[in-house]
Amino acid sequence: MLQLITFSTLNGVLYGMLLFMMASGLTLIFSMMGVLNFAHAGFYMLGAYFGFEISRHIGFWPGFVVAPLLVGALGALVERYGLRRVHRFGHVSELLFTFGLAFVIEELVQIFWGKLPVDYRIPPALDFVAFRLFDTTYPAYRMFMLLTAVAMFAFLLTILTRTRVGLIIQAALTHPNMVAMLGHDVPKIFMVVFGVGAALAGLAGVIAGPALVTQPGMANLLGPILFVVIIVGGLGSLTGAFVASLLIGIIQTFAVAMNTSFAQLFGPNAPPFLGDLWQVTIAQLAPVIPYLLLVLMLIFRPTGLMGTRES
Amino acid sequence: MTANARFLLPWLLTALAFVLAPKIFSSGLSLTMMSLMGVMIIFALSYNMLLGQTGLLSFGHAVYFGLGGFVAIHAMNAAIRAKFDLPAPFIPLVGGLAGLAFGFLFGLVSTKRAGIVFSMISLGLGELVSSSSFILRTFFGGEEGIATNRTKMTPFLGYKFGPQIEVYYLVAAWCFVCIVAIYALTRTPFGRMCNAVRENPDRAEFIGYSPRMLRFIAFCFAAFFAGIAGALAAINFEIMNAQQLGAQQSGLVLLMTYVGGIGYFCGPIIGAVIITFLQVMLSDVTEAWQLYFGLLFMGVVLYSPGGLAGWAMLHAQALRRGEAWRLAPSYALVAPAIAAGLVGAIAMIEMAIRFFQQEPGDGAVLRFAGLNLDANAPASWIAALALLAAGVASGRLLWPRVNDAWGAVNLHLRGKAEA
Amino acid sequence: MSAALSLHDLRKTFGVTPIIRGVSLEIAPGERHAIIGPNGAGKTTLFHLISGRFKPTSGEVRLKGERISGLCPYEINRRGLSRSFQVTNIFPKLSVYENLRCAALWSLGHKYAFWTGIDRLRDVGERADELMERIGLSARRDVQAGVLTYAEQRALEIGVTIGGDAEVILLDEPTAGMSKTETEQAVALIRKVTQGKTLVMVEHDMSVVFGLADRISVLVYGQVIASDAPECIRRNEAVREAYLGQAGH
């Protein structure tokens, strides 16, 4: 039992940190530009695939550095030549643009790398056991992922709170018009923020790729959960996104680990109409839980846990 | 022509088109495709009740299509098993009522807010129902879905709806009825206020209307018609599976409606017809048809947010006032550029598919417009890239002429309006 | 004679900042009442409180004796109070005729009717035609509201406000941004359409205020410092000080 709790917590926190890597970029983009970037999970996927391709020809570590930069550059281009164009048509058009982009990214990935998973491997340098607890081992690569996520978070926090650029970005988060009138090049800031957000998602992809499966459906698996995270955390709140990421990461991991069902708890005789539900295990319910949380949150508290705005 | 006759004429022509279409396009493929078009027209029109009419962007509308279809197919099977007297033409009503019931239930939750929150709820609910479909195996049939046999139902006026032509007429009849009904709804006080709420929900409150109630009623109607479409799909394909209420189906109806044009009543109809046509025809010709759809969608979002209907209406106005000829020269110049760019892009995409998916030793040859392009040869790539680049460059160079031409057109249109 | 609209110690605080600090007012039926005051006094906030956009922190608003503070805007509108907006707030893509039709719908009892064609409803069409005549936009019947001139939009704004035949009309700076001629026309329009109704008006243009109002209230820093006939307000020391400061006379 204790073993289950320890490892589930570790894995849950890791999953949560991964979610936060992406949710932070998404929140920044949304807060500044009012655009909910549907293609964010697509950038995550591109990070994984670019990392894979580079690690195939050169090595994992060059990929670790270059892939997020490539994705970031791509993101900046998307903002500059796509999103900026659509901005004048309104928020709906921006949303639809990123929606279409997400789809196109997935299709392009399928063309270049095929529909089957690719063999993105953990680098040999990190392929050992970190520690042994309660008869189970914990891989070092996961510790590396956790470290990277924490480091990125610290880096982001430092930039936002300790640098001048960060100050401007914080201001533009809530008052973009005012910041523009103060003489700052807000379109350029937007481009940078979008690019950095994409790069963060790409970084998440680079490190998650070897641990989770790198396949064309990976964006669609994580995408909706990402939206759950930022809505539950509160649109526009970085702290909220952090809390929600960890919350959902831990809940889902625990749900998958706990393999019990109503039938196991209460006996095999299901009450009428509940037939299927009686047999289902909590692990099977795991994919549904985030959406249940989303719907409940939107009913009772649309601003999320810590949000300040609804739109 | 009297006002009444002018009003009725388009409807008569539409009815006529529905009746005569199978006589003109009589192949098996055409009949299947037209039946599918009929279903999608209803689905897209129901979606536009939300998006175009009331300003609600939903990412989970397929839920009502799918649930309507599943309830319908279970009803069909139940009727067959119990030898209950329920002919096939009434099944869409069952699907519609199921859609309405779920629309009512989920709508209570969904329509509390508008804007992005609504969109996210629709996404969440869609995923919720989609994920649940793997858990509730009796209702959703797991991976295989639920099948039925429409010919085993009670015949209707002697028809068993076995042959596709009979199914087509069933779909066409319901499609016509739904088009009339949905159009009529736009001409009611409720419909007009939905438009007002789309434009300015704030002001709508100050003239006595609850935006929430308007959205809720619109949502229920949209779910009702989506359920009808789902039931017709169930009859047509004789199978329902979880894919039909999933994110991809929701994305498809959004694509159809938006590409068709959300600002005009006939937009979704145009979109449904064209996208269904492309879907059926393109999927045989190229593996990248979904990519092309995505690019088409992005193109419409970027360059023509009014969709195809919007584009057509712009030109219709110019045509009607005799100003359209001003566009001809610039269009003639720009068309080859666009064509070149498209051809180059398509060639590159198709070559990329063959290049990246080739088995060692098989080679990768694309048969394109009568030519054999070797995807392994750099020359083919350079040629395609050159064509694309030339198209884009000349297009950008020549586009200002199109703008100028439109400027002239608008100037003269305004002049004529004020004269 | 009970008041058409009465405010009792109305207060509104945003966060820790009090904007409306205890406003009490009684407005008689048929009265034309103007609310004036320096910028930032809280005039528009007061309108928001009365019309339901904001909920009061404390205090009461009563319409014809019935308590309306805390109700939603549409509930208040249905009880007979209608307001216009300082920044034109119409339905831009609908035509002038459509705008006015929508404004008339609820009060004529049609509510959420989805079973009858709107073109068949004679009363709605007649009311919309009549409104168009009164605001002088009959010639622009089918023009999209968004492309009208500024003055035409302001006229439409008033038209939409009175479309529901409300008894109490709130107009928020109806002549804002207008030239002298346009203002004169607007004043004539307002006088015409608010005949027999209770009018509460926020205005900056003193000629409009003194020409139209039966009574004037002066709002300064969220409080009413004077509420009297126009002549008395003109001579009031506190009012002069508020507007012109200690120096001017």
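What to note about this one:
The chains carry the letters A, B and C, assigned in the order they are written, with residues numbered from 1 in each.
In the analysis below, contacts are C-beta pairs under 8 Å (C-beta built on N, C-alpha and C of every residue); 3 or more make two chains touch, one makes a residue touch a chain.
Remember, predicted model here, so these are calculated numbers, not experimental data.
Farthest from chain A, judged by the mean position of CA atoms in each chain, is C.
Legend note: the chain whose CA centroid lies nearest the centroid of all displayed protein CA atoms is B. By C-beta contact pairs, the most connected chain pair is A-B. As a whole-number value, the distance joining the C-alpha centres of chain A and chain C reads 49 Å. If you average the Cα atoms of chain B and of chain C, the two centres end up 44 Å apart.
Between the Cα centres of chain A and chain B there is a gap of 31 Å.
In chain A, no residue touches two or more other chains. Of all residues in chain C, none touches two or more other chains. Those residues of chain C whose C-beta lies close enough to touch chain B in the complex are 51-52, 72-74, 77-78, 82-83, 85, 89-94, 98, 101-103, 105-107, 110-119, 121, 124, 160, 163-164. By the touch criterion given at the top, residues 184-185, 187-193, 195-196, 199-200, 202-210, 213-214, 217, 221 of chain B touch chain C in their complex. Of all residues in chain B, those touching chain A in their complex are 57, 109, 112-113, 115-117, 119-121, 123-125, 127-128, 131-132, 134-139, 247, 251, 254, 258, 288, 290-291, 293-295, 297-298, 301-302, 305, 349, 352-353, 356-357. Against chain B, the residues of chain A that register as touching in their complex are 36, 82, 85-86, 89, 91-93, 95-97, 99-101, 103-104, 107-108, 111-114, 220, 224, 227-228, 231, 235, 275-277, 280, 284-285, 287-288, 291-292, 294-295, 298-299, 302, 310-311.
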